[in-house]
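Two complexes are shown next, each including subunit A; its partner changes from subunit B in the first to subunit C in the second.
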Partner chain A sequence: MAAAASCSTSTRSTGSVVVAASRNSVTSFQRRGPRASGTDSGCSRLVSIAGTRPSVRNGQLLVSTGLPALDQLLGGGLAVGTVLLIEEDKYNIYSPLLFKYFLAEGIVTGHTLLVASAKEDPADILQELPAPLLDDNCKKECDEDICNHKTESNIKMKIAWRYQLLPKMEARPVSSSRFGHYYDVSKRIPQELIEASKWHGFFLPEKISSTLNLEPCSLNHGYIKLLQFIQNIIYEEGFDGSNPQKKQKNILRIGIQNLGSPLWGDDICWTENCDSNHSLTKFLYMLRGLLRSSLSACIITVPTHLIQNKAIIARVTNLSDTVVGLESFIGSEKETNPLYKDYHGLIHIRQIPQLNNLIYDVSDVKDLAFKLKRKLFTIEHPPTPTVLLPSQTSTSRGHSPVW
Partner chain B sequence: MFPELNNLLNTTPDQAEQGKLTLLCDAKTDGSFLVHHFLSFYLKANCKVCFVALIQSFSHYNIVGQKLGVSLTTARECGQLVFLEGLKSAVDVFFRPQEEPHPLQFLREANSGNLQPLYEFVQEALKPVDSGEAAWRCPVLLVDDLSVLLSLGVGAVAVLDFIHYCRATVCWEWKGNVVALVHDSGDAEDEENDILLNGLGHQSHLILRAEGLATGFCKDVHGQLRILWRRPSEPTAQRDRSLTYQYKIQDKNVSFFAKGMSPAVL
Partner chain C sequence: MLESLLALGGLVLLRDSVEWEGRSLLKALIKKSALCGEQVHILGCEVSEEEFREGFDSNINSRLVYHDLFRDPLNWSETGETLPGGPLEALRALCRRTDPGPVTIALDSLSWLLLHLPCTTLCQTLHTLSHQDSCHGDSSPGEQVHVLGLLHEELHGPGPLGVLSSLAQTEVTLSGAMGQASAHILYRRPQQRLTHQMDPTTHLTFNLRLSKKEREAKDSLTLPFQFSSEKQQALLCPGLGQATSHIFYEPDAYDDLDQEDPDDDLDV
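And now, the complex of A and B:
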């Protein structure tokens, strides 16, 4: 691997920790060169994976968050190897929706899921995922495919017998060539889709009961267990390129709910000067380390409105790549603001990662509001009123219209 | 490296100063472009660089470095660059217990952590080789970034001690340079970070502070850069020289202009 670059001084640093890795390390930041046109998959090391697409800006591999509107705001999608942090809204009504969209998108595109929660059993979370909105043609096809897959037996091929020797493709229930799907929140995802998908669940009360024989370190036990679980899955299923026999590369979608809440054993939501001040930040750092060296993308929801210490919120933001904050209008004075009468809340894109790039990438649109109708979660720019009545000026703080 | 920034700082790769501590800080914006600048600057200046990259992966710096005209892989292979990839090493040290002391050993410790193994790693990496001929011009330590160490449970005083030891060895003994990035948390009331920032601010010879515009986000002006030259060892009645410029980051370059003189406005 190390090219024979001859230099006049051949002083190899002996004590260097990072001597060039001799194994093929698959990072997600593989530049899709001109040879990787998609047709000749033998050339590029990163075969095109279902449900991903390269970014138009820097060639980075992106996955959809499940909300095409949010994908657009984030510059095309969520980069593989990064963390999407959702700052929960006050009563935790809308952030679980974004969480579920992300997981549903994973099922629809055939990615492997890893769901971690301290509150709900991951199996229950999966049952509540929204149903994808498919065209009718597509739906008929997937019913047919599923029937065929179940009744398929070893039919010997008579004419095209050479094809018998090829490995069978896994039946994908839904055509995964699209990037980003729409979901119907009022319906549940069909059971067949869940059963056809591969997922791993981490439910904290089940995992924490086993005895721990670890050295004491400043991470709390729940986080240590979760990190080990994630690392295990990544290693065993080859998401970090450690298993070269695996021909079909896939993305691991990790979803962690309510991280930092007291249910995880963390006390940053109770007091300002707590003992485990560094648990959450250390966890995020280790998670970043795991993600950067594997084909995975992660969504985390954190109740930042409960965290007492503002410094921790700043540190958590710095350790995450993409940060989206949700602010619902329930119970706030904005609920009666005529500007926002059609909307349920505001969505703030607080941070977008600047990976493999110098350019400072900040979303152009700043005032965004979201609304949840029966079927769809839409994100829009609230319309500026053309006529400003005196009664409106008193309530609209800082949202004066641009003439 | 950005030629315009070299002009502002009055340096070129051939005449790089020695024995200096440069502090990079950012407030309300991302100052990592300064890290990329100094990395490519010192590699082009033929210095031996030890880069402690705690926050991003190697390929990130490599890809940006290629845009700026340096190849980190080549530099690493021929020994000019010693790269500590914090994220990868952290996973190694955390999940697979190591026998010998690892530079990021503090991740396994419960209390506020000791950066001595990290200092020893830097020392080992930048030690001048006694081969007689000077292969590289001067040793340079580059850290991106120090605020992450605070998030990992290391106390501000331990980080200040680490920089002090590095300064004593790299700057004073071996006549090299140290460049470190610290985030300024602004109104987030991060006391540890403020201690670190103030402590380093008093020890540095050059402070580059990237700030977001006070008026908010703008597409054409990404921020403001304050340059402050200091003389920490000489108490002097003269005021330290300071300059302020605004900048816009492009794909392969950063352009600087005087305040209010953005080409978009003129």
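And now, the complex of A and C:
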């Protein structure tokens, strides 16, 4: 059973290499995009956006979440126009990491970012993004651009004088045409990449003056302001097709942190029955409407472990498209479980959307664990209980099934 | 233990119960901060000022700035001594405080504030209060703001407790067994880079510095492969006579160079 499951995931990964999005491919194999999602001309125009590729299943345009392992589990990536909801782990250690991967991927592929938070200033969040790992292909593209510049060395080198006339390597903004990059969590993203990228920040304490006496209304004021902000950006920058003279289409990546916490002015983490029970659900409904009509993708982290009313959690899950839950082992009894000793937590893919198709998508991977190594965040299958023989406790992970 | 509690800035949540009271720990932390030279503001809501100041000696007492909300919280006597606007205004005044230097703000108690203020407003104000240092730019660790909040666990449900835990940088839960009090401390360390780097070249047992004579001797040393500038230029810019190197390669029978399928399309 375990072998079959791993086989199916590997075929999915080889099958999803779509070369159409890469500009430098020289190969006789060209995968034709399936025509399920609309007209051919629409498909070919959308494919030319950097950092996106059409899904092999239903032709939907996908963007990478920043973690190639997570992309694979979600069926190739996150569909444009949908919401990825991350249910935060208890101490909020790993969910900001997924949030930052998403934003870093946006910077590397040249997408526009919109970062909203009530806790941290968006500029600080951007400073803490992980640095991308550029492999040789990307470095070659970098060098081609750099060799065009003739640089003079004004520093006379004493020992390394043979290198004086070589052009200086600059960390120029890498507009990479690959889908899905790897990041080094131990390093910060270079400042030049942040400055070259386009981003908008929404920091709630700045936008709302706390001394105002606001009458209660059906939707929380913080949420109203955020929706207006997002709508303005989408309209002004033409992500919804409203500025037809803009030739180069781009994706807007929206990241909203800690939605539903009291810092946004929402009561749902406080009591079970509160007046603003429906604020968050209304916000999600309106946000999804905005996203569906524009070229954008959104990641939201919600502290569902704090929400007191389980019905709200169920509604929030239903109103989002893709839902990923993180459960960390810190402080729980699973920490001492020998199965999980190499891992830091479990990752649950709770929901995958059905977009433009009738096939009910059942994720066949039920148990996945993640671990945060010093540089990388990896998602793996933990060994199944039948594989570990009782005599092998700490050293080896059993390699053959008992049955 | 007290230093480690005050090491991270931000909100320190002290959770106590009827059996294991936390006000003495709060007072110990206040005393430690006052002895370190920090300004200490106290928002007293549950006990009277005299009772709170009991146990501190006079030099510490003179450093404490006490905001009294116990005697007349709703300002009924209208003497003008109490703060107008109640506890919320008092907290906001502390947020707007602009004098520099490290400061400790003790809230005695958060439970009282939770019962009298709307919860989201309190959370937002606490967050602003504990993150004041970020407004003043890049501050060294000495300029942190510590907010000490005393919370009585039994008065609140799991919702408020969970929310305040998630806001706090350090959480101390007092419990005990058989007459012996114990504290369970939880740290949330933000994964951030250090804003304050220590210079590693101080306090070394060997000398890393060069005197002027040593520096001159170092500069005048001729290194191998350090040619005269004419020779350097000659080597850097190859003239017409010199040929650049070429590699001639002829693939033999065992080489597989299929022009139609190079390895570029392998997405490995």
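Going forward, the second predicted complex is superposed on the first by the 292 of 403 C-alpha atoms of A that agree within 3 Å, B and C clash if a C-alpha of one lies under 4 Å from a C-alpha of the other, contacts with A are read in each partner's own complex, and residues count from 1 in each chain.
FYI, a contact is a pair of C-beta atoms (placed from the backbone, for glycine too) under 8 Å apart; a residue touches a chain by one contact, two chains touch by 3 or more.
Since the structure is predicted, the reported quantities are computational estimates derived from the model, not experimental observations.
Asks: After superposing on the shared chain, does subunit C or subunit B touch more subunit A residues?
Replies: B
Asks: Answer with first, second, both or neither: which of subunit B and subunit C does A:K119 touch in the superposed model?
Replies: After superposition on chain A, A:K119 lies in contact with subunit C alone.
Asks: A:S186 in the overlay: touching subunit B, subunit C, both, or neither? Say first, second, both or neither.
Replies: After superposing on A, A:S186 lies clear of both subunit B and subunit C.
Asks: On the A-aligned overlay, A:N318 touches which partner chain: subunit B = first, subunit C = second, or both, or neither?
Replies: The answer is first: A:N318 touches subunit B but not subunit C.
Asks: Given the touch rule stated above, what does A:Y91 touch, subunit B (first), subunit C (second), both, or neither?
Replies: After superposing on A, A:Y91 lies in contact with subunit C but is clear of subunit B.
Asks: If you stack the two complexes on chain A, which partner ends up touching A:W270: first (subunit B), second (subunit C), both, or neither?
Replies: A:W270 sits against subunit C, while subunit B stays out of touch.
Asks: Of the two partner chains, subunit B (first) and subunit C (second), which one does A:P262 touch, if any: first, second, both, or neither?
Replies: In the superposition, A:P262 contacts subunit C only.
Asks: So which positions on subunit A get touched by both subunit B and subunit C?
Replies: The answer is residues 17, 27, 29 of subunit A.
Asks: In their complex, what parts of subunit A are in touch with subunit C?
Replies: My answer: residues 17, 19, 24-29, 91-93, 118-119, 121, 124, 128, 158-159, 161-162, 164-165, 188, 205, 210-211, 261-263, 265-267, 269-272, 303, 305-306, 308.
Asks: Per the contact definition, I'd like the list of subunit A residues that touch subunit B in the complex.
Replies: Where subunit A meets subunit B, its residues are 2-3, 5, 7-13, 15-18, 20, 27, 29, 31, 58, 215-218, 227-228, 231, 277-278, 281-282, 285-286, 288-290, 292-293, 310-311, 313-315, 318-319, 354-360, 362, 364, 366.
Asks: Can you check the complex and tell me which residues of subunit C touch subunit A?
Replies: Contact set of subunit C toward subunit A: 92, 119-121, 123-125, 127-128, 134, 157-160, 162-163, 166-167, 188, 191-193, 223, 226, 232, 235-237, 260-262, 264-265, 267.
Asks: Which positions of subunit B touch subunit A when the two form their complex?
Replies: That would be residues 29-30, 32-33, 36, 56-60, 63-64, 67, 74, 76-79, 82-91, 94-95, 102-103, 107-111, 121, 124-125, 129, 131, 133, 135, 147-148, 150-153, 183, 185, 187-193, 217, 219, 222-223, 249-252, 254 of subunit B.
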